[in-house]
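Presented sequentially are two complexes of chain A, the first with chain B as partner and the second with chain C.
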Partner chain A sequence: MFPTPIARTSSGTQIAYKIALPVALVLWLLPLIAVALTSVRSAGDITAGNYWGWPTSFNLLANYTAIFENTPIGKYILNSFKVTIPTVIGSVALSCMTGFALAVYKFRANLIVFFMFVAGNFVPFQILMVPVRDLTLNMGIYNTTAGLALFHIAFQTGFCTLFMRNFIKAMPFELIEAARVEGVSEIKIFWYVVLPLMKPAIAALSVLIFTFIWNDYFWATVLTQGADTQPITAGLYSLNGQWVAAWHLVSAGSIVAALPPVLMFFLMQRHFIAGLTLGAVK
Partner chain B sequence: MASITLDSLTKSYGQTEVLHHIQGEIQHGEFIVIVGPSGCGKSTLLRMVAGLETVTSGQVSIGDKVINDLEPADRDIAMVFQNYALYPHMSVEQNMAYGLKIRKFPKAEIKRRVEQAADILEIRDYLKRKPRQLSGGQRQRVAMGRAIVRDPQVFLFDEPLSNLDAKLRVQMRLEIRKLQRRLGVTSIYVTHDQVEAMTLGDRLMVLNGGYVEQFGTPIEVYEKPASVFVAGFIGSPSMNFISAQASKGQLTLPDGTTLASNTSANGPVTLGMRPEHLKQHGSGPIQLEVDLPEQLGATTLVHGRISGTELPITASLNGIHAASSGDVLRFDAPVEQMHIFDAQTGKRIE
Partner chain C sequence: MSAYWKKNQQRLAPWLFLAPGIFMFLMYVIIPIFQSVNISFYAWDGLGEREWVGAGNYVELMDDEAFYTSLKNNVLWLVLYMLAIPAGLFVALFLNQTVRGIRIYKSLFFFPFVISQVVVGLVFSWFYDPKYGLLNIFLTSLGFEAIPVLADETWVTYGIIAAGLWPQTAYCMILYLTGLNAVDPEQIEAARLDNAKGFKLLWYVVLPQLKPATFIAVVVTVIGALRSFDLISIMTDGGPWGSSRVLAFYMYEQAFSEYGFRMGYGAAIAVVLFAIMMIYISVFLYKMYRDERGY
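Up next is the complex of A and B:
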């Protein structure tokens, strides 16, 4: 069997394994542990330079209530949802349709259109920063959650189309032909035959896009400002006071901000992993 | 009346012509099998009748109506696919009813038709199941059920049995034949399996490289193959071919053996003899040096060479026969069972 089970290896290997594993685990989790610990420290600990030691007091409740009471974190979270959910729905819905069209119909520009969708993914998005900011400004949607969501939909649809097109392409084409022979119209083929079979792809892609967009920091800082529009990733930094760095509050905020995607991941783990490999093999 | 006419039907992909001027008349209620090796264009031809491939030139008609430009839905056909193409998310019942639902049939009528088809195909017990809970044979029945509930003018079968195991294939073959007889619907059936072709078809259309080699009843095709290709393709084990010289009604084989024949041909020809038509005879002119005997129980196939040459030849002997490698067996070649083909064109010479 490969790899050889640890229980059957030499005692030297077993000891090395038993030491290396916890060390690796702690190293891996160190930043997270630090953030989690910091989020329960008092402000005094941080000023005193007690970053890694045992906290002098555990202010779990105090810190976490403080961020909700004293800062607009609730608003930031709401903004995050206002951006993420429309993006997930919008880009998945659009890509179901574009993917269907590109996978099922043979037309002259099919491959060119498909390559354009794919090529979009290879553009380093940082170079679009200034033009996109100007574009949204001219369109009057700068500094709105709708504008940010619209931009994300536009940008994610390329990747989603690649994903969906490959998924539909892998379905047996006879299903569509059988429906055509039976007299099912193309729109009904999409709705009643293809769409129900795309459920796994839709679930996987939704989880993936939700995580991508929720964790987006770059566009959030480029296209929005202020508590009225900024999602939580961008808003976190503003939890620092104007003159005092309140790292314990920022840490608590980070943990809260990380919760939705983490929950999403654990609830939909199966789909998430499917999503990473779906469409990759074809 | 659902007769089908193929008139000079041609299909090209870009510059490549894959079907060349296919000609054929199919009578109402007839069961036609299109048979040929893979890549001969048989599925393409079927799909052109179905409307899933466009017609490059020529005409397809059902009855008196040219259907070249009709959508598949408007041709009043039903098709059974090789991989069944059942909708995985619908139950058996929904699969069968879907085509009728789309055509806005009344609910009671749909139910009646589905139940009737389920009774004919003996799948009543599975109506509530999903396709993935069915075995290959059951899925095949559902696919046929979906075709017959619509009561179409024409059935099209695209290698429907090739995904089944050998035993089930024989059983389903019989059932398809019985069903078609019972319903009397004009059918076109595509297969690469010559046994299916022989047993199912009222007539066979043998395709090779996009040309119709022969279009006739199974017996005609077996007894009077129109070309070397048809002769070699139909019949199992395959026909033996030996190049020979014909003159004055006699055939001279490469090893110098002369055979009596009634051919009028002169010059180089190809002689075809089916293994089952070689008669073992102590003083027969054909000498077979055995390489390998195959015992099939009912018959014994003797593979070997014509003595003193490298020309392969196979004979089929009745019953169990103890022949071993190196033995020389002698055979008679009955004149009426000989097939003579032009050495160049491969066409049959009477």
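Up next is the complex of A and C:
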């Protein structure tokens, strides 16, 4: 193991390490801790400039109720779910099929199709922006959550295909061969043989895509406007403009916005990391 | 029909499975790339008639001060963002232990990557606040003068990059933690018996084994640097006086903002950004192609 396991070092180093760990963590997360603390401060603390000291009073309920009552943050959150959940389902479903096709069948265009998905996934968003906005306008779904979700489904299919294809490629091919010998049709092989084995990949991709899409800001500003359709990232930005210097409310809003992906991460941590670090180990 | 399917299903099935995915991807990703290239040869406000201007937009770019500022900032982002890789490695080495509770530490260190860049941007603009921000409280307590980072042309881009490095370091850390997990312990012990330790051990024995992790870290960091848009939009909106723009942001600003819709000019900027990105995409694809051949 590298570096040397701490248990094998002198007791002085061990103590130093055990102190350094929490200290480093607090420093690392200091910005977030400050936000969490500020989200329970009173307006008086903010005007007095008490940003970093202990709050004079804890207004947890008052602040969080205030943002839900006085702003459309609830709507923004709902919109985020309306974009994120269909995207997760859509892109995972599409990429189960494309990944299967590219991993299992040998045909001449295989690598070309695969590379198209991979390359497209790295493209800068700006080169798609004008045509995608036009396309969405022409389809009559500009400024709808469906229009935004549809684009996300298409774009995320690139990354998901890369992921699924490599996952299926690592499966034992004999399973498929055996089924073919039995005369099972290709569609049934996909549905009954391969798909059940893809559960871990589906779980990993779902949490990853959920986080990516929940946190998307660029496309939200390009394809939607206003509280009726905009997701929380874009909503938070416009709220920030309205709440000038109301940092306790901005902070509470930020915490609410960050909560769903954070919960997702903690509940599905192993899948999340397995998805993210795909390819980091040979 | 069914007889034909039975005979040819292994040839037809892949295309059946691919059709919906390819259709969506062509419609929303591949075709728009070519459309953008096409639009970049026109003057167009997004609504009225397009007017063919040939290379006019590109010629204009060559003389556009703001374009060079954006390009320079993009280079700055690319270079400085790379710091996330050694920083991530450093944090990963620090956390690669087996003491009690280390798993919780690892996930908490990873936290910044999970939250939205909008939140990261808000948090950092507040950290840099000239009056109440922690940075300036710290600076003034040491007797320095406060720096209004986000309103200062010389500091603003560095300030935003620093904010971006926070989640990016967390990302690289998790890549390296996974990589370190897979490092062959016998090789390490053998090297230790040969008296290798510390930095030399890291450099000659551990890092070569972390190569796949480093590769992915470089790829995602380059992409992240070239995609920098969210933080700039949230923290400064390109300011002060456009000094924190990057190509991605400048393109957006030109294509639709209060300055009027200049879709053609915006598209030309996007094409330049795309060309830069294409270099990295090609390297990545080439490496993948080699790996595929190795199968």
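Simple rule for what comes next: the second predicted complex is superposed on the first by the 249 of 282 C-alpha atoms of A that agree within 3 Å, B and C clash if a C-alpha of one lies under 4 Å from a C-alpha of the other, contacts with A are read in each partner's own complex, and residues count from 1 in each chain.
Everything that follows uses one rule, which is that contacts are C-beta pairs under 8 Å (C-beta built on N, C-alpha and C of every residue); 3 or more make two chains touch, one makes a residue touch a chain.
None of these values were measured; they are calculated from a predicted model.
Superimposing the complexes on chain A yields a three-chain arrangement in which chain B and chain C fit side by side. Touched residues of chain A were counted for both chain B and chain C, and C has more of them. When both complexes are overlaid on chain A, the residue A:139 reaches neither chain B nor chain C.
By the touch criterion stated above, A:158 is placed in contact with chain C alone, chain B being left untouched.
When the shared chain is aligned, no partner comes close enough to touch A:19: not chain B, not chain C. Once the two complexes are overlaid on the shared chain, A:174 sits against chain B while remaining clear of chain C. If you stand at the C-alpha centre of chain A, chain B and chain C are 90 degrees apart, rounded to the nearest 10.
Touch criterion met: A:129 reaches chain C, while chain B stays clear of it. Within the superposed three-chain model, A:5 lies in touch with chain C and out of touch with chain B [touch as defined at top]. By the touch criterion stated above, A:48 is placed in contact with neither chain B nor chain C. With the two structures overlaid on their shared chain A, chain B and chain C come no closer than 7 Å at the level of C-alpha atoms.
Residues 185 of chain A contact both chain B in one complex and chain C in the other. The residues of chain C lying in touch with chain A in their complex are 9-11, 13-18, 20-22, 24-25, 27-33, 35-36, 39, 46, 93-94, 96-99, 105, 107-112, 114-119, 122-124, 126-127, 131-134, 137, 166, 171, 174-176, 178-183, 185, 188, 201-202, 205-206, 212-213, 215-216, 223, 226-227, 229-230, 233-234, 247-248, 251-252, 255, 263, 266-267, 269-271, 273-274, 277, 280-281, 284-285, 288-289, 292. Note for the complex: chain A touches chain B at residues 172, 174-175, 177-185, 188, 192-193, 196-197. Across the complex, chain A is touched by residues 50-52, 71-74, 77-79, 81-83, 85, 87-89, 98-99, 102-103, 146, 150 of chain B. Those residues of chain A that touch chain C in the shared complex are 1-3, 5-7, 17-18, 20-21, 24-25, 28-32, 34-35, 49, 51-52, 94-95, 97-98, 100-102, 104-105, 107, 110-111, 113, 115-120, 122-132, 134-135, 150-151, 153-155, 157-158, 161, 185-187, 190, 211, 214-215, 217-218, 221-222, 233, 236-237, 240, 247, 250, 254, 257-258, 261-262, 265-266, 269, 273, 276-277, 279-282.
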